[in-house]
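Pasting the structures in now, so scroll down.
Two complexes come next, and they have one chain in common, chain A, joined by chain B in the first and chain C in the second.
Then we have the complex of A and B:
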């Protein structure tokens, strides 16, 4: 289409302008005394370092690919199971939320302690893809055309036949979209695990090793390579799904209302299910430690962590340390999240007012989304220094882009006829926004909030770990140095639990608000 | 009167519970369609006419009452390949070609579509889609997709044919065309047909009897016999007696 071509053209032009400005600024050394080197220097350095890269890239790619495959196999199997059995979905809710909300950096040291070799990297890469693909599978399966399912059932088809003939195939677009988002996550997970422990090779190791030296051009080079890998993995699946799904879009809108979930009858049963859902993650944690046979000194069970924090002689010191660190971490997490979300919301609404600006902006947003957070942090350290503003900016940047993409896509789903209604009566653009676009985007604002809660915490913790020397990210890093295993496990457990609790709070508020407005939750 | 190979519903009631409210979807629905007859159910939105069909298909279970399809329980009849079904908006699988969509019921029933290639081809020809065997649904017009759905419904040689607003999404002109064709196809197969529809003229043109339902609670208020001989000519649509029958039904429908 002509419009699309013009948009791409404008995007290219903007990219060229951006590169030229960057080159100029870099050559003049304006930003932070040369912390932002010109692209030409970065490329030259990349060329000089070319002998180092293959083994680092190879190690990271190998771990990411293996984790990607394992995580997705588990995720798709789990997604099918959860789509078929609402009870299993409810029982595994705690596990699933934890898998989504846990900041990978918090458990990276734990994995390094309990597993050996490539296993921590593969595990973290697999964890990074699990939730995305699992959700995509469940959604894809449960959104399959209910009338087509009725046809199969009307011929006496079993659930398995319905799954095989209709649901699995119609879940393919959703699963592919999931894989696309999951692919950069696998790279991010592998790099984070490399931060957390050991190994000679890997981009994360390389980055960490170069952070201490004052060589901004090398840091930028590594960041660039990581971004390209993540971006290529994303683009690969984008191309694949485009190829595969050419002519098989759903023909008509599904108007049949699917049968509502049977609400659990007894209060007692609901409480029992909720209890299992909450205790299951801890049970699995406990079982894994027991099965791994890791020494009790290093590997702590939930009971050990509880003892360390509340019962042992040193518990008050540990509590004080942890609380002080949380006092530094949490306020900035919330501030950054609020700013990132607010900015994303305003801009997404703004896309309605000037679609052209969005077209030019979207490519940058997508690049940043695939850019591994860890690659971004050292670069921001160079530019912003090691203060609080760094943490804030990292948090804003990691929350803004995913929130923006979620919101912009949600807003583009508002039916045209609904949008045009105010216009038909001579309403202004602003009235259109106020009456239709903003209310319609509310479910997506909540979806974006759910999405950004764990990312914000992760962003803050990475900044604290690598740069600022404050908060729980730093406490985690420090405890590694002191071999304070109790504290490492405590920080990991507390940050995961906090993340899950915040997520759950958003979910509850979302349900209340949307129920009052007569809307449904957006995935 | 019970016919062993038609459709019989006796005293069927159904309630739905949602958000603490109990909705009486069907109250004491009794209906008997003799073998080889064509029956239509007509009624306002929410009168439960689709629920009647879903219960007859075994997709929902009634709270009370009995359902027999060709003398069997609905799901047993389905598994024996007695029933054929076409839904509103075709409900085709968008990734399967016309031929592969028509084969779906055979696959579900565990038969080998390869062995019944002639039957599949015959059905595609019957609905006038020769040459489109390998097209995807997305490449067809609305009317053509609906014909695929009819071919799919007929591929098992069903004794009993269920149709839930199969032409609901089509425009008036196309709909009349499809009505005429459906009459021809149905006459060829000799099956017992039950059609749920919004269109009075469609119901009268196609049926031996028209069942009129009212909502709150969903119930049958009248069963009107249609007097015209078969085969019926499209000119019937402009016949005066035809309009009289339609008007009578409209009167019952609107609470007369």
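Then we have the complex of A and C:
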């Protein structure tokens, strides 16, 4: 694999060049008057602060590890259940989409209010891993070799035997790939929950506490440590699965929410199932509040939120505030997403012309993917300030890399024979792009869009919460200060619902467009 | 029983015995648990409580005090509503707003700062010396304090829309870099940080421009007040004693917390010493630390009334302080 070797060398070389440029720029204090310190300063600072780190890292690791284990146990159990019973999969579709699409920052304050101690961090970490592993399990089980299953059945094996002897075993590679992507998610979840969660230890707490020092080198150090932890957790599972299974390369998660095949006929039954799927998340929300026993002033049920938004005397004020905030948040979310996706699309198409550049670029893309967004935002504030450009850049950066990775991988799968056809007929490079590469990459563009919808909203909300003071991220933060619990829950509910709706819109458009073009959904 | 002790049990029993004998006698007296939620991370703002914990003043008063650190994203009132703490140190504006608008069952039983230490901090080379100077400038304000700043602006005849208010993450870097013109922060703290960054700071208190409110008000829920009144009085008495000792010479105690209470915050002890000295005049009162005087309550309420937070004197309960 000479090509891969060259790509790896190029990646290393680019990383070294990047570090050198960074060092130079930092030493000269070019960016924002020294807000971007050189790597050497950051390392020196890390060494000076070394006594502070162990307990902060310990707390974050503990919460992420526990959340990782709990989330994955639930996810694998759920995955098995869903793979065995298409009906359950359809009933839980609402829950599963919500688990994928919800911006964790929207529910972090709610968890901090209703749970205590480490529980909010563990819960958010668990939520971060659930979807990835669940999907990986369902796919792994349902893609098991049907001939091996037939053998078991032919010898009189039960459904359980088939699951245990064939399906679970063949699902292992898929599950391991899921765990690999899930691990950094757990770290991000745990750190996010430290926002608003209080407590004395944790990297997020340390980061927030250190914002007041005018010491960018320390902020960068904390961000770097968080990135290294997330990256190591990814690498750990990558090595594990490599050892066990050999090389498989999926750097992004599968975003196709598995859908149970609806049975033909029985319209009434299908509607009933869909209704349950939509109401189930709200029922669970309601049940959790009832079970938690949290004070009614803090813990709001779906009914309370509806009352707050539509039936109470203050409803019109609340609605006005919420709509104004959405009016600030949504346009910039869409603009950032469009820019990020468009840029990724152009670059991915472009790299078709030079595949080596893609491979050299991949390590950088991977690092930025695993860097916890919360650690990145304060650093970008130092460089970009607190205006609209900050929000836009954060949104672009969180959407661009995953979209680029998805697209570049998809495009590399275009069959050679299809590419060669225009060439044989004397077509130009451009015609080849127009007739083959671009249409072939459409399914991956949709997959990338599905992947980036929740990330974009999360990115915008974090920027608003921490920096710009606009939109629903700020409304969420400010409502905490005003003890306006109805508004906190409303913002959380609305942002989750919006995320789910946008996700569904993309799914529907995707199906229509791809069906017209005679293509299938990419996973 | 003795015969069945294995080695591990023996060791742990022996260790417990040793530990117990090493403790002063007061540890044996029955103590009742009480949890307090601080308003910020462990810094000199809470030095008095750390002193009280280390010197055993709370234990002496019959309290087994659990201290919860705060932080930029902790809303102390939420902690007591959720029942995770018995008392919280809060800003009176958010507390009274929560009582009037959300029906929160709060009572204020004391005030750590007689004068709110928050103020507008700017650089000496681009000074903002009074509210008027803020017009057309960019001011960074923590989301929790936006209502305080808008109050002060209105009191000085300035429409808040004339000032570009952006969220403040308690990072003076943007101020030092000139990205913002001023920030709202603790005048007891941030001038030191700015000096460390090589600039000179100037500041004024919101208190001195009409926003005459307390800060770090001691807040409890009505339920806790009814059930744990004795413990709250004991807490006030022990805290008053501890603060008096800490502020008698502000340079003595902060270094002693370097490896314990202040560990892991990343702040220097010089910073805490500056803070401890700066906060002294803001806490002192003729009626003793934590005082709630009739005049002070009236000033606090009238300042809040200016911004539509209409509180009343019955939101304060001065009887606990009277019992000390």
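Quick notes on this one:
Here is the rule we go by: the second predicted complex is superposed on the first by the 495 of 523 C-alpha atoms of A that agree within 3 Å, B and C clash if a C-alpha of one lies under 4 Å from a C-alpha of the other, contacts with A are read in each partner's own complex, and residues count from 1 in each chain.
Going forward, a contact is a pair of C-beta atoms (placed from the backbone, for glycine too) under 8 Å apart; a residue touches a chain by one contact, two chains touch by 3 or more.
Please read these numbers as outputs of a predicted model, since none were measured by experiment.
Looking at the superposition, the partner that touches the larger set of chain A residues, chain B or chain C, turns out to be C.
Once the two complexes are overlaid on the shared chain, A:291 sits clear of chain B and of chain C alike. Of the two partner chains placed by the overlay, only chain B lies in contact with A:152; chain C stays clear of it. Once chain A of one complex is fitted onto chain A of the other, the partner contacts of A:424 are absent, as it touches neither chain B nor chain C.
After overlaying the two complexes on the shared chain, residue contacts for A:267 are found with neither chain B nor chain C.
Looking at the shared chain after the overlay, A:469 reaches chain C, while chain B stays out of its contact range.
By the touch criterion defined above, A:166 reaches chain B but does not reach chain C.
Once the two complexes are overlaid on the shared chain, A:311 sits clear of chain B and of chain C alike. Looking at the complex, you find that chain A touches chain B at residues 145, 147-148, 150-157, 161, 165-166, 169-170, 247-252, 255, 260. Contact residues on chain C toward chain A in their complex (touch as defined above): 37, 41-42, 68-75, 77-79, 81-84, 94, 97-98, 101-104, 143-147, 165-167, 169-174, 176-179, 185, 189-190, 193-194, 196-197, 263-267.
Contact residues on chain A toward chain C in their complex (touch as defined above): 32-35, 49, 51-52, 55-56, 112-114, 116, 195-201, 205-206, 208-216, 218, 294-295, 297-298, 378, 381-382, 385-386, 465-469, 474, 477-478, 480-485. For chain B in complex with chain A, the touching residues are 18, 54, 57-59, 75-76, 78-79, 81, 83, 85, 87-95, 104-105, 107-109, 136-139, 145, 152, 156, 162, 169.
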